[in-house]
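Here's the structure we're looking at; comments come further down.
Chain lettering (A, B, C, D, E and F) follows the sequence in which the chains are written, and residue indices restart at 1 in each chain.
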Amino acid sequence: MSITPFKMPVIPIIKKQAYLSLYEKGLREDGRRLDKPRNIEVKVGVLEKAEGSALVKLGNTQVLVGVKAEVGQPFKDTPDQGVLVVHAESVPLASPIFEPGPPDENAIELARVVDRSLREVKAVDLESLVIRAGEKVWNLWVDIYVLDHDGNLFDASMLAAMAALETTTLRDYEELETGEIVVKRESPGAKLKVNHKVVTVTTAKIGNYIIVDPNFEEEIIADYRLVLAFDENMRIVGAQKTGSGGMTLKDFKTALKTSKEVAQIYFKALEQALTSGSTQWAEQK
Amino acid sequence: MGGKPKTMLIGEDGLRHDGRKPDEMRPIKMQVGVLANASGSAIVEYGRTRVLAAVYGPREPHQRFMVLPDRAILRVRYHMAPFSTSERKSPAPSRREIELSKVIREALEDVVLLSEYPRTAIDVYLEVLQADGGTRVAGVTAASLALADAGVPMKALVAGVAVGKVGGILVLDVDELEDSKGEADMPVAAAPDIGLVTMFQLNGVLSEDELERGLSMALTAIENIVSMEKEALKRKFEAIGEEV
Amino acid sequence: MSITPFKMPVIPIIKKQAYLSLYEKGLREDGRRLDKPRNIEVKVGVLEKAEGSALVKLGNTQVLVGVKAEVGQPFKDTPDQGVLVVHAESVPLASPIFEPGPPDENAIELARVVDRSLREVKAVDLESLVIRAGEKVWNLWVDIYVLDHDGNLFDASMLAAMAALETTTLRDYEELETGEIVVKRESPGAKLKVNHKVVTVTTAKIGNYIIVDPNFEEEIIADYRLVLAFDENMRIVGAQKTGSGGMTLKDFKTALKTSKEVAQIYFKALEQALTSGSTQWAEQK
Amino acid sequence: MGGKPKTMLIGEDGLRHDGRKPDEMRPIKMQVGVLANASGSAIVEYGRTRVLAAVYGPREPHQRFMVLPDRAILRVRYHMAPFSTSERKSPAPSRREIELSKVIREALEDVVLLSEYPRTAIDVYLEVLQADGGTRVAGVTAASLALADAGVPMKALVAGVAVGKVGGILVLDVDELEDSKGEADMPVAAAPDIGLVTMFQLNGVLSEDELERGLSMALTAIENIVSMEKEALKRKFEAIGEEV
Amino acid sequence: MSITPFKMPVIPIIKKQAYLSLYEKGLREDGRRLDKPRNIEVKVGVLEKAEGSALVKLGNTQVLVGVKAEVGQPFKDTPDQGVLVVHAESVPLASPIFEPGPPDENAIELARVVDRSLREVKAVDLESLVIRAGEKVWNLWVDIYVLDHDGNLFDASMLAAMAALETTTLRDYEELETGEIVVKRESPGAKLKVNHKVVTVTTAKIGNYIIVDPNFEEEIIADYRLVLAFDENMRIVGAQKTGSGGMTLKDFKTALKTSKEVAQIYFKALEQALTSGSTQWAEQK
Amino acid sequence: MGGKPKTMLIGEDGLRHDGRKPDEMRPIKMQVGVLANASGSAIVEYGRTRVLAAVYGPREPHQRFMVLPDRAILRVRYHMAPFSTSERKSPAPSRREIELSKVIREALEDVVLLSEYPRTAIDVYLEVLQADGGTRVAGVTAASLALADAGVPMKALVAGVAVGKVGGILVLDVDELEDSKGEADMPVAAAPDIGLVTMFQLNGVLSEDELERGLSMALTAIENIVSMEKEALKRKFEAIGEEV
């Protein structure tokens, strides 16, 4: 059962007028323009035991993604494909509004939007994950772990998932005579084959304004958010209106235009992280 | 998303696997007031897709802290009957049902005049009795009718439809086969009388041009569905009139 | 843990005296006599994708049953039998007293009474459900879906289950060389073999009266209900006292006598539905 | 319900597989006051079937809204220990245990004077320590003793027994083998002192005549069991008397 | 999430001073000295259908342990060993502070401490549980069932588990041509091979005193408890501080010394029960 | 606890598989204030083991009955990220995580001045981001830092370390390989400034002498780790000083 949120923080609602006054001047509380995202940091290879990992900071929002690859069975109806699972946890250390327990509707929506944006455009080459068709394939677990929630989990999670997948390696394995597959845990392994890069861009409608990359307080006062997913060819590979406000066609077109520009910024940040190579968590200090 | 059977989806005559033209909907049926206990109810069919909606409330919620001081809260459950699908579906709510309950709630929330009933809850229960594509959008249509049937004041009626892309062509009201084999599925709901899109999702790959054309295709169809909703509501009130 | 119901509607309790006064005259609120069931409508074949289905209206009570047949494994101790599972959901659209969640004790009792009444007399020929003994059998799922609850879910559910089973067909299938069974979803299939027809008849004890087919308000004020299952030979194939009142032997005998008469009415309604053939849901309009 | 081994269930001498006559019960043992923490407790054995009962209350329930203004509510849990069955039973409550908890609660509710303790809860916990047929009826007997031991006022004592049909013959106090191989199992509980049947179930197939004969067979046995309950309670109070 | 207990009975806290005054005199409420356990009764073979069983009374605390042996699969990484599982239930009949539901953190801790104390010293010979290496082994379920909770569940449960294991027999079985294992339920079977006897001794710190075998009220007012597991050679085979108080090194040494002495008492009680042979539950009367 | 690979665990040179001496810890890293939302936070690394801690509160708990009149309650969750282990861990809390949450709460409870904040809750959330042995003791260290960072008053800082026995030799700060192949693993936490051991567990077999030597080995190491904690906290406050 989905329920109108009834325990929202009240501070942002009180501040709404102040936000709107700033927007009228083309500015936001942190000095950003309406169509600019916050500072982006992408670090890859931050975990040694995961097959792929990335830590993304988008302003104060921090998302860690770990990719685990395990030998498993394919789905019955896709015997010639590996399995990709995207899962998101709202661990309570990330925000006072998160509580321990299984993923709520927001975490589920987050995981499913990221999943579909990867899946529909075939970003990950699932065919290359087959070990023995119909029997043994790699199962790829993409676990989204929100560490600090200051808004726009969609874009931060998509960036982290993409960066983690781009740096994922599949361990070498051996096939025993019994048919069993033994993974060599300590092997460097081969790079996962990624067909397409995908980013999402989230805009929010607040009053009469459309702003990009909303922070937590902006999300609270927004009528709705629009999440648009793009691949590197700027095809639209996913979309989701989230939040309870209705959207006019005019606003949709404005948001689409802005989002296309911001997608380029995200792609650039992703590219830089991937070319600058592996980064240790310890450097965070 | 397989490639092989695309030729089946759009024939050489430009018609779809079930004989429809690209911009043709499946036969739609609607009836309101089908349940005795609920404050309002409706059953809606898009072809073989069949969704039953019931509305309870405005009423005091079971958990009394679950209220807002200035308006009603909306609680929406989208649920599939175990026998609604080809393989029996477990009755426990799936991740998909949890997401769709949220998306449908958000598709209704802006049109219901929640501020009329502070400190109450309005419950919308959707049961998919048979699933053949488009269940969430048929669900929005059924919910809109059940809310109206319950006498809950609304700014406007809402309806939904899914546009898809199969064999490179945009098609209206995709069914399950088209959804599973096609290139894109874009569920849309809107309240045409007030010019608002209230549900918008894209699962698949579209160019910017296709996206805009698809959206406009959906909005035209939604206007028609809302007209049918008005007819269905009128039929009920006429029937009551006759009885009186 | 089973708990004394503590959140029952109060209206029926207030009305109890009025009900009793009517009963004294041999009548009920809706004009029925004490030993007569409400109007019965049975429609079969209301769902195209289920292997069997029926919608039953008993007064304002509406129950939909869908039967799904899937290829599965037999139980270890009955390798030469198919599997029959009866499940009931109290979906919240059916009544203000139903809440979302897993089946409560009432829904579980409902499903188990229907299940036993079918199982003990071998109403469904489970031997005929074997595809390959010990390995592959049909699993029959009988899902009871209460759509509108105005009392006497037992009788309405049993009628709907029986009508759905009587019109269930098992799809044709193919056995691959690998031993896998592939079901031809679009095939018409063969009729399920049903050995016995079963109905339940529910009576309720209210004050000094025994009434048949109680509606929702009558259930609330009843001391207990007695559910008796009969097959077409009028053998008793199941029984359950439900509700917290104690039952005298005299009342038991009265209830048994009445129930036998009403069973005939139910069997007749069932027969009519089965001979009048498949009915579309759309005709409901 | 298999047919083959019926000859084993009733021998040529008319005796049952364990040597009992058709209307003979297994050895019954009862003891009250076996637990220190509980307000009342009892252990009951029907042959190898062994059920432990504890009563807590009347007391304020943990969830304070869970009360009735004019009487106590009864809360009953029937639960099987994992080691009670041939194959280990998962400790999570099964659908069977949920149904039996309800059926046992309803078998007790009419004899407990709940109106003496408004706004409280009386908790009855049953643990099946060993299951060899008739656990629910032995459970009712144990619960009745534990309630009396707790000093909860009751209109009458209750006891239960199951009648079965094996090899065409009605038998008293069916054990697990007879239950699983026989043609019918009919658990009955009653308060003979006030002439009320408080639990009545039939799993199996009986003619009307068999049903009535079986019921009367059960009621006769229940009278005996209730006498044994009175003895067991007397033993305890005598023992207390001796201590004082 | 582990939460500071916030619903503890208040009586023991009020009585704390009285307890401390007694301790000063070297005595406890029930007349015991600080370093003496309560009366111990160990009965084995109390259940006929379980493969092993024991009922232990430690003062008013009663714990029943049943051992079930089932044919199952070995763990992947130990193909040449059987499987031992220890599980504890806090069934609500044992105490007003137990509620129905899955095991809470206390029951889980209890089961895991008993499990580790058996496992680390290889008390049960898991190698002897192999039926067919890598495929079929005995799974031993040790179910701890607390029947009456008057404190010190650790020592009572460990005694009951040990006594039950020492008297466990594994049924005879037959291997079918298909490879399936059929257990002969009614066979007496062979005795389970037990390598080591283990007991735990629990001391509690209350005020400045260290007492052994605390009852329920003493547990409530204790700063912490120290559970030490010993084998018959007096090696330490497990330890757990439980409760929120900190422990000084000096107190640790005192507790260790006392515990070693009490271990001998427990071993003796265990030995007596095992040599006096099987005891019927009925004798409890 | 297999015997074969023991030769690998301690080489002929007396060094451990990763080149450490028996009483040598892995490289330790600590940083406080790493999260923006939390009242306090810290990340701690023992070699490849990496634990993130966040503290929220003192604050009113969501369930308002969950309070004590005279002091704060502590709520601790130890949780492993699904990607922290060699095989993906299900995010649902395991029995192990439930036990460790309790053991860690009890390792902290005696040092936090809970009586300063009656009727509130202090929440400590630990996320194991990478598990390579010693996660519970690194977790205590991280929790201690996060509490200090949150400004929660404490009698003393706490830290933890695990002592093991491999190839017959006591070793400090066991990693996953040593834990799984060794003869004993003894996690210890203490507040050396007030002389209290706050966590003490033994999984394995030790003589009395080994137990006492191992404990003293752990306590020496813990003194060093607490010094490092003080440094880490100082670094943060200096950094803040510089910013001002």
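As a working rule, a residue touches a chain if its C-beta (ideal position, glycine included) is under 8 Å from a C-beta of that chain, and two chains touch if they have at least 3 such contacts.
None of these values were measured; they are calculated from a predicted model.
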Q. Which contact partners do chain B and chain D have in common?
A. C
Q: Give me the fewest steps it takes to get from chain A to chain C if each step has to go to a chain it touches.
A: 2
Q. Minimal path length between chain D and chain E through chains that touch?
A. 1
Q. What is the size of the turn, to the nearest 5°, that moves the C-alpha atoms of chain A onto the matching ones in chain E?
A. 120
Q. Counting in whole Å, what is the centre-to-centre distance of chain B and chain E, each centre being its mean C-alpha position?
A. 58
(Q) For chain B versus chain C, what separation do you get between their C-alpha means, in angstrom? (A) 31
**Q.** Separation of mean Cα positions, chain E and chain C [Å, integer]
**A.** 48
Q) By residue number and range, which residues of chain F touch two or more other chains? A) 77
Q.
Give me the residue numbers in chain A that touch at least two other chains, ranges are fine.
A. 1, 100
Q. Which word fits how the chains touch one another: line, ring, star, complete or other?
A. ring
Q: Using the touch rule from the top, order the ring's chains starting at chain A and going via chain F.
A: A, F, E, D, C, B
(Q) List the residues on chain E that touch chain D in their complex, please. (A) 47-50, 53, 60, 62, 64, 66-68, 70, 87, 89, 91-96, 99-100, 102, 141, 143, 145, 147-150, 185, 281-282, 284-285
Q: Please name which positions on chain E make contact with chain F in the complex.
A: 1-4, 6, 105-106, 108-109, 111-112, 116, 120-122, 223-224, 226, 231, 234-249, 252-253, 256
Q.
Applying the document's contact rule, which stretches of chain B touch chain C when the two form their complex?
A. 29, 31, 34-38, 41, 43, 45, 48, 50, 52-54, 56, 59, 62, 77, 79, 81-88, 91-92, 123, 125-127, 129-132
Q: Under the touch definition given earlier, write down the residues of chain F that touch chain E in their complex.
A: 1, 66-68, 73-77, 95-96, 98-99, 101-106, 109-111, 114, 184, 186, 190-191, 194-208, 211-212, 215, 219
